[in-house]
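See below for the structure under consideration.
We just call them A, B, C, D, E and F in the order they show up, numbering each chain from 1.
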């Protein structure tokens, strides 16, 4: 938990398409953590109204994961990055699929959320490498 | 920059109203950083079309700041928190006003963005204190 | 019903963050009445598809209640109001919580909708007092 | 102002497509009042950033007017209403056009906002007549 | 009808309220086809989580149908069209109702989707006739 | 390509993430045509309020182009497609960039809209080839 205590005192990063130049994979990760937590709560509560709400919110949060990832892929990463990291296209395509119908939208399997989080971490590693190199 | 490098390997937090139990003031801060960067770019470019886009995007990002803060105020913080931190209500009210018409929506003064960021940091400090105490 | 017949011929009020200066607690109340009506219909119809739709729409309408209230709290009310009505912060915080996961989003208990409507009425009373005083 | 004081203590009405059965032309009117107020403020402030914001918000509020009217036209009014009030289709079509590109979206002429408000009042009169008759 | 056959290689049409002048009933039809396909999949899968997702997405797609149709009715069609095609108002009102609570939102009856598609085709025929005549 | 010629009378295609299985590049193209038309109108009208509206609407329509393309890239195309068409990733990345800050969002150069339309046509050709092959 310690690093997190530091984290809040340093620069955080964001996206928009001005572009403002501020990006941060944490946006996708935060939503993916939410998806994972929702799936956890679905195991403990089978009330049909709760399930309907959970499915709805899981859908929205998964869509946000996709959106934040698409933004990084299109807006942050440039041709030289794709050249240096030839796996990037596939990584983003797989990650967004993992947040979609075949992943955390269409299932409530915690394993899907874990796979999604792992892909986002892979993307984040590359992201921060390119930031250091810039 | 170092702490940030750690940050991406630890838990991040989010919000939704299931509730998933995941919250993180970083969401508000990321958008506020974006607002600040937009204001910076507005100083360097007086093209009317650029200004119109910047105003539009600054509006959206400021609205997101307000939304993320409102969510923390209503959904994360509970009566015992408001008792322990009697300044919390005013802090949130002032922070959301700073992201509104009298703040980063209605002006392109970098000072407003700095005041907003400072308020978000104050909120984040309290937030992480309550998380540690939990 | 008579007062309503008059109501449609007088000024109504709204919100936006220009600000246009037009606010009206009726916006929150209308959505809360909708929430109450939805809960009423959920009692009479246990079809799973209907329940899923009702939960979805109740979620959206409750979110609108929260949004309209947040706007009043941040954009309409000013420091002198909070000084004159020290209960305002708590009132808004409780009202928005009543429209959230612990209230009309997370339950289909008509009592929650009634509590929410009562809080909105309390807010509306203060709102119109401040308008008369202005 | 007096009738308004009564108005807040009676039933207000809304829309959604469950349907909840709650509708109220006040929703369209509130947004149209906002549009009118925005146009008023545009006369007093020619700062390009203010104009860009005002245009943006006027666009959003006008869109909300259109949306609220469309909902009444499609969801509230039924064939017998259209038979009894043969002018209804044209009234709604003209009102939504008045909130569009040829009306309050595309111009900042206060006269357009007044025409729009007058049409909404005509619709509201019919609406409340049908409610009384129901 | 012929011009539409070349549609893929010629101008396609859209909506927006600048107006850009580009409209195309295909936007409503595409969403209605989606609704029909969703209803088809609901027959083959009774898993409660799947049903909740399907209901949610059917709701969104039906809402998009309504929106695209409302845009054509208000923004594209002009008084001379309504004079030449006196059935247009009723056609649009019935089509948007078929995408609403009494139609593809409130039911998962494939027949409702077929009725909706037929109405959209009727509208499209008139639309392309008016384009040819322009 | 032939099947497309009959598109108006046969199945049209869309997107959603149930998935419904209905996709159509026309959705992206329609929005891109709108962007091009907006740029055309910006040449003929230098009124600041018109420019602000045009910039706003061009932003929204460009965002829709990006969204529709992202959906095709993530939801429709599968690993075997990326194997058969190794240029697909780059094509989508370039197309979405052309709808972004360095393209039709950030400029009002008609050439950018033409480049965007050409990329969408390239994508559409591949899309319809894969549909025929399926």
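We adopt the following convention: contacts are C-beta pairs under 8 Å (C-beta built on N, C-alpha and C of every residue); 3 or more make two chains touch, one makes a residue touch a chain.
Since the model is a prediction, treat every value here as computed from it, not as a measurement.
With steps allowed only between chains in touch, the distance from subunit B over to subunit E comes to 2. Any chain bridging subunit B and subunit D, meaning touching each of them, is among C, F; the list is complete. Seen from the Cα centre of subunit B, the chain whose own Cα centre is farthest off is E. Across the assembly, the mean Cα position most removed from that of subunit C is the one of F.
Of all residue numbers used at the contact between subunit B and subunit C, over half are used by both chains, marking a mostly same-residue interface.
In whole angstrom, the spacing between the mean C-alpha positions of subunit D and subunit F is 34.
Subunit E and subunit F have centres, each the mean of its CA atoms, that are 20 Å apart. Computed centre separation for the pair subunit A/subunit D is 40 angstrom, with centres defined by C-alpha atoms. Within subunit E, the positions touching two or more other chains are listed as 17-18, 48, 52-53, 56, 105. Shown here, the protein chains touch in an arrangement that is not a line, ring, star or fully connected set. Chain pairs that touch one another are A-B, A-C, A-E, A-F, B-C, B-D, B-F, C-D, C-E, D-E, D-F, E-F.
Within the complex, the subunit A residues that touch subunit F are 17-19, 63, 66, 70, 73-75, 77, 82, 89-90, 93, 96-97, 100-101, 105. The touching residues of subunit F, counted against subunit B in their complex, run 48, 51-52, 55-56, 59, 105-106, 108. Interface residues of subunit E facing subunit F in the complex, by the touch rule stated above, are 1, 4-8, 11-18, 20-22, 24, 26-27, 29-31, 33-34, 37-38, 41, 53-54, 57, 60-61, 124. Within the complex formed with subunit F, the residues of subunit B that make contact are 48-50, 52-53, 56.
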